[in-house]
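A short write-up of the structure that comes next.
The chains carry the letters A, B, C and D, assigned in the order they are written, with residues numbered from 1 in each.
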Amino acid sequence: MGKIFKFYKDVDTDQIIASQYLLFPTIDEMKTHTFESLNSDFAKDVRPGDFVVADENFGCGSSREQAPGVLKALGVKAVIAKSFARIFYRNSINIGMPVIVCKDLYEAVKDGDEMELDLENGVIRANGKEYSCTKLPAKMQEILDQGGLIASLNREE
Amino acid sequence: MSETFKAKIWKLDDDIDTDIVLPTEYLALKTVEDMKPYAFSPLRPELAAQIKPGDMIVAGKNFGCGSSREQAPEVVKALGVSCIVAQSFARIFFRNAINNGLLLIENPDLHDAVKEGDEALVTPGEKIVVNGKEFPIASLPENLMEILNAGGLVKAMRKRNGLD
Amino acid sequence: MKHTLVEKIFGNKVGHEVKPGDIITVPVDWCMVDDIMAKFCIGKFEEMGFTKVYDPEKIVLIYDHFLPSTQADDTVAFHAGDAFAEKYGIKNVHRTDGICHQLMTEAGYVKPGDIAFGTDSHTVTYGCVGAFSTGIGYTEMAGILGTGEIWIKVPETIKVQIEGKLNEGVTSKDVILRIIGDLTASGATYQALEFCGSTVSDMSVASRMTMTNMAVEAGAKCGICIPDEKTAEYCNIPYDEKIKNLCPDEGASYSKVLTYKAEDFVPVMACPSLVDNIHPVSELKGTKVDEVFLGSCTNGRLEDLQAAAAVLKGRKKAPHVQFIVTPASRKVYKEALNDGTLEILSKAGAIITTPGCGLCCGRAGGVLTDDEVVVATNNRNFLGRMGTSKVKIYLASPVMAAKAALFGEITE
Amino acid sequence: MGMTMAEKIIALAAGIEKTKAGDIETVTLDRLMSNDGTTHLTIDMYNKLKNPHIADVEKLVWIVDHNIPSDSPKTAASHKKMRDFAAEHGITYYEGEGVCHQIMMENHVRPGELIFGADSHTCAYGALGAFGTGVGCTDYLYAMVTGTSWLLVPESLKFNLHGKLREGVYARDLILTIIGRIGANGANYKAMEFCGEGLATLSMADRISICNLCVEAGAKTALMEVDDVALDYLKAHGREPKAIVKSDPDAVYSETYDIDLNEIEPIVAKPHFVDNVVPAKECEGVKIDEAFLGSCNNGRIEDLRVGAEVIKGKKVAERVRFLVVPASRAVYEQAMKEGLLDIFLDAGAIIMNPNCSVCWGACQGVIGEGETLISTGTRNFKGRAGHKDSFVYLASAATVTASAIAGKITTADRV
C-alpha cells in the first residue's frame, strides 16, 4: 500500500521540476525541488512506495528526463493518470518507472488515500474497490521488465 | 563600552576580503539571519556554525577589504561576534562596522601572539589579556564612540529626527 | 598652507582650510545607490525616521548588478527602487543603461571638484574627472539621503607620479596593477591616491577611470586625477579657471611619493587570489585558459573593446574557450556597434552580453567551476568571486585578455 | 493504401518499403542533437555503461544554449562536463552560438532526415521536411550508443492552409490559434502535417515558428511539404536534401482541418497554458513588467525586423524591461548589419547574447513574484519564467513589441 498524491490535469514538466534546477549535477540534488510550485512539501512528505495520481495529459511540456527522474529518485512507485504526454511517458518507461493509464481512478480517490498496484494483472485497489488499467504496449513492457532502457543496453553488450 | 568581557578566539589571516566574509550570491537573501550560515564560506565553510555568541575574531592586516557590502559586518554581528581585533581594517568595512555597532579594535601584536581557541579578556579602550600577556589598545575617536554608544547610526539618526 | 588635490576639494566645500586627520562634515553633491543595496538602504532610511530626501536631483538610482535577473527574487530590488523614487521624487533612475560607475560620469552627473558617495566600493572611479568619491555602506547612505552630509576624516595623500610614454601593448590597467602590487592590497588604506605626471596627462579619461577604479584595491579612500582639457570635454563643461584651480599645490605634503618611468611598465596580471599578487605576463605564459571576460567598470569601455578588437580582427578565438564581452553601458554598446568593433568581436566568437556588472559580481555572465581558469579585465580576483573558491582568476588588460582568448592560454 | 510524410520518413529510416500508424519500427537516426538541459546526465549514464562507445560521432551535435553564459558554479560544472566530453570524442559542439533549434536549422537539418533532439521543440525541423522529435536523455543515450531507436509510427493530423495571413497577423498567431482549437494534448502522439496552397505564402521563419510550437499540442512531430521556399533556404545554407518525401494522395489521416489564413487575427495565450488563447484585444490593458522578443520560436531576423519596425522612433515604457534576444549569432550579426540592434538600443531595449533566455526561465530575465511577462517564447506554464506566482502571456513579435512600448498588453496598430 502507498499513499496517493493527487494532482490535476495538464501538469507540465516545469511544475514537476523547474528549469532552474535542471543543470544541477545530479538528480539527487534536484529531487528536493519536485513539485515545488504546486506543493512545496511534496518532496518532504512523499515516501518510497507512494503514488502520484493525475488527470489528463500528465507531464506535458519539455523533454526533460529530470521530471520522471526526480519522481523515481523520491521513490514514487508509479504515476497513474488518465493520459500522459508522450515524451514524459517514454522517458518514464526508459528509466524503469511505471506510468499507468487508468481512466476511472482519478475521480474515485482523493489526496491522501491509500492504494495498491498489481502491475502483473493491471489492477489498482483503493478504498475497497478495484480499477483496471490499460496494458502497456509489448515493447514498453519489455523495457520496463528489464529495468529500463539502459539495463537492456548493458545486457545486449 | 568599557566593561571587561571574556571571549574565545577564532583566528584568521591577512586580507580577509568581503567576498570571503559573505559571497555575492548570498547578498540578495531576505534577511541577515538567512545569510549567517554562509559567512566565511569560501575560506572556512564550517566556521559560521562553530562561532558562538560572545566569541571574537583575531585577524591580520586589512580585514574587510573589497566591496562596500554592509552585509559583511552585519553578518559577523549577527553571528554574535563580540569584537574583531585586527592589525588593520579596510576603511569601508570599518565605517560599516561602527555604523552597525560592531566593536573593532586595532592591535599590531595580538595576531602573532595567540592561537585559535585561546581565551581573551577584553577591556575596550584599554587592554586585551591572553595567556597572561597584556596587549594595550587605543580607544576610538570621539565621533565614532558617539555612534557606537548610540547603538549604531540608525539609532543616532532616529534621535536626530526626534524619534527616540 | 599647501594642499593636495583632495584637501583642496574638501577645503572648497567647507569654506576653510583642511589638513589630513581633520574630521569634517561635508555636503554631498551626488549619491549613487545601486540595485543590490537599494532595498537595504531604503529600509534604513525609513527606520531612521526621515520623511523626505535632502535633494532628489542629487540622488541617482542605478540597476546593474541584477541585470539580467537570474533569480526570481532579483527583480524585488527594481520594484523597491522604483517605489522609493516615486515616493520621494527621484528622477535619475537608470534601469537598463549599464554599470553604475560608468554612468555616473558618462551620463553627466559627477563633475570636477564634486563630492560623491556610492553604495559600492568602486565609487572611487569618479576621481577620474577630479572629483572626490568613495564607497560607503547602505546605513551611511541612508543617513546622507536624509541629511545631505557626512563626516569624513581628511585623508593623507600618496602621490603617484608617472612620466613618459607607455610601451606598445601596455595599458593603464598594467600601470595600476603594478602600483597595487607595489603598494600592496592595504598599502593605501585610509589614504588618497593622486595620479599625476605626463603619462597620466596623455591618457584618455577612460584610461584614467581604470586607474581610479582600482584605487580601492590598494585600500585607498579615493583615487584622483588632475582635471584637464580632456576632462572638461568629457564632462561637457568649459575648461575654465575653476577647473584649472583644481590641482595640487606645488610643495603640498604627501605621506608617500611613488615615482615611475612609463617605459618601465610591462604587461602584468594579478594572479590568484589577491589583487596585489602581480606578475609579468612573461612569467605566466602558457597557462591554459577556460574563459576570458572583457568588461566591467574597470575595462568595459569603447577603447577597451577596440583594443581587444585590434588583436582579434579577422581571427577566431581558440576552440573550447569561452570569450565573454560585456560593454559597460548602453552608450558603449552603441558606439562599439556603430564603429564595427562588436562585429569584429562577434566574428571572433565572442559572446556579447547585455551591459551590466555581469561576471564581475559573480551572479551571471559566465560563472565558473572548480579548477577553471579565467583571464578577466575587471578589478577583483578574490577567492570565490566568479564561482567556486577553486576558480583561478587572473586580472589583466583588454589586450592581454584578447590574446588569451585567441590562443587559449596566457600569451605575451 | 498510401503513406503520410511521417510514415515515409520512418520507413526510410527503418530501411523498409512500407509502414503504417500504430506499428513499432526500429530506425537508424540521421542526427542526434543534445543541449545543456540534459547532456550532463547523459554523460553520467554513458560513463556507467559496461562498454561505452558512440555508434557514429558524425551524427552528434551538442549545443550549449540554455544557461549561457553560466549563472552559477553548478551550471558551469555541467557545461564543463559537456565541453570536455565533446572535445575528447570530437563531437560537433556549439557554445553560446544560439538556440539549438536555430543552429540546427542553419547548419544541419536536411529534408527526409529522422532526428532525435533531447529537447521537446525538436519538432521545428519539420519546416524543412525532416522528422524531428524530442526525447529524454536515456533515449538519447541509447541512440548515441547503438545509432538506432524504436518508434511508434504516429497517426497524422492534416492541416490544409488556404489563403494568406493579413497584414499585421503572423505565423505565431496562426499556430496559437490552431493549438487553441485542438487543445494542449489534441495532437498527443500524433504528427501534424501542414499543406495546401496557403503554405507557399509562408516564409521559412514562419514555418519554423509553426512547426516548433506543435509540441504544445502534444505532437510527436510536425511536417511540411518541401517546396521551393524550403529548397532555397537549404541551398543558401549550403546543403542538399536526404530525400524529399510527399504524402500519397490516398494517405490516411486521423483528422483533417481546413484553415483559412485570412481569418486569423492577433492572438494571445493567457497564463498558464498554451491552449488558453484569446484574441489579443481581449487582453488589452494588462500591465506588464517585462517583454521578451526571442527564442527558437520567434528570434529570427524576420521577427526582429517586425519588432524594429514597430518600435522605431519610439521608447520602451519606463519600467518595462524589454529583452531582445537573437536566436543565433548569424541572426545577431545580420540584425547588426541591418541597423536593427541600433533601433532597439535607442528605444531602450536590452539586447542579449543569443540563447534561450527567459523562454526557459532560468539564467536571464527571470521574473519575480507577481510580475507579468509578455513573450514570443514557447511556453506560459505556471512559474515558467521565474517565480511560481508570476504570469506569462504568449504573443507575436509585433504584439510583444507594441506591449513593451505601451507598458501594457496592446497590439501594434495601437502604438
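In this text, contacts are C-beta pairs under 8 Å (C-beta built on N, C-alpha and C of every residue); 3 or more make two chains touch, one makes a residue touch a chain.
Quantities reported herein were computed from a predicted structural model and do not represent experimental measurements.
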* Chain by chain, through touching neighbours only, how many steps does the shortest route from chain A to chain C take? -> 2
* Just curious, how far off is chain D from chain B if you go by their C-alpha centres, in Å? -> 54
* Asked: If you average the CA atoms of chain B and of chain C, how far apart do the two points sit, in angstrom?
  -> 27
* Asked: Which chain D residues reach two or more other chains?
  -> 72, 74-75, 77, 362, 366, 388
* Asked: Where does chain B touch two or more other chains at once, residue-wise?
  -> 25
* Structure fact -> For chain A, residue numbers touching 2 or more other chains are 20
* Asked: What kind of graph do the touching chains make: line, ring, star, complete, other?
  -> line
* **Chain-chain contacts as defined at top** => A-D, B-C, C-D
* Structure fact -> chain D partner, complex, touching residues on chain C are 67-76, 78-79, 82, 95-96, 290, 319-320, 322, 324, 330, 333-334, 337-338, 342-343, 346-347, 351-354, 358-359, 363-370, 372, 387-388, 391
* To do: Sort out for me which residues of chain B touch chain C in the complex.
  => 15, 17, 19-20, 23-25, 27-28, 30, 41-43, 61-62, 65-71, 73, 88-92, 95-96, 99-100, 141, 143, 152-154, 157-158, 160-163
* Asked: What residues of chain A sit close enough to touch chain D in their complex?
  -> 10, 12, 14-15, 18-20, 22-27, 29, 36-37, 56-57, 60-66, 68-69, 83, 85-87, 90-91, 94-95, 137, 139, 148-150, 153-154, 157
* Mind pulling up the chain C residues that touch chain B in the complex? -> 23, 36-37, 40, 44, 47-50, 66, 71, 73-74, 77, 118-121, 123, 134-140, 142-143, 146-147, 151, 185-186, 189-190, 219, 221, 274, 361-363, 380, 382-385, 389
* Residue ranges of chain D touching chain A (in the complex, touch as defined) -> 24, 36-38, 40-41, 44-45, 49-51, 66-67, 72, 74-75, 77-78, 117-120, 122, 134-139, 141-142, 145-146, 150, 152, 184-185, 188-189, 218, 220, 273, 360-362, 366, 379, 381-384, 388
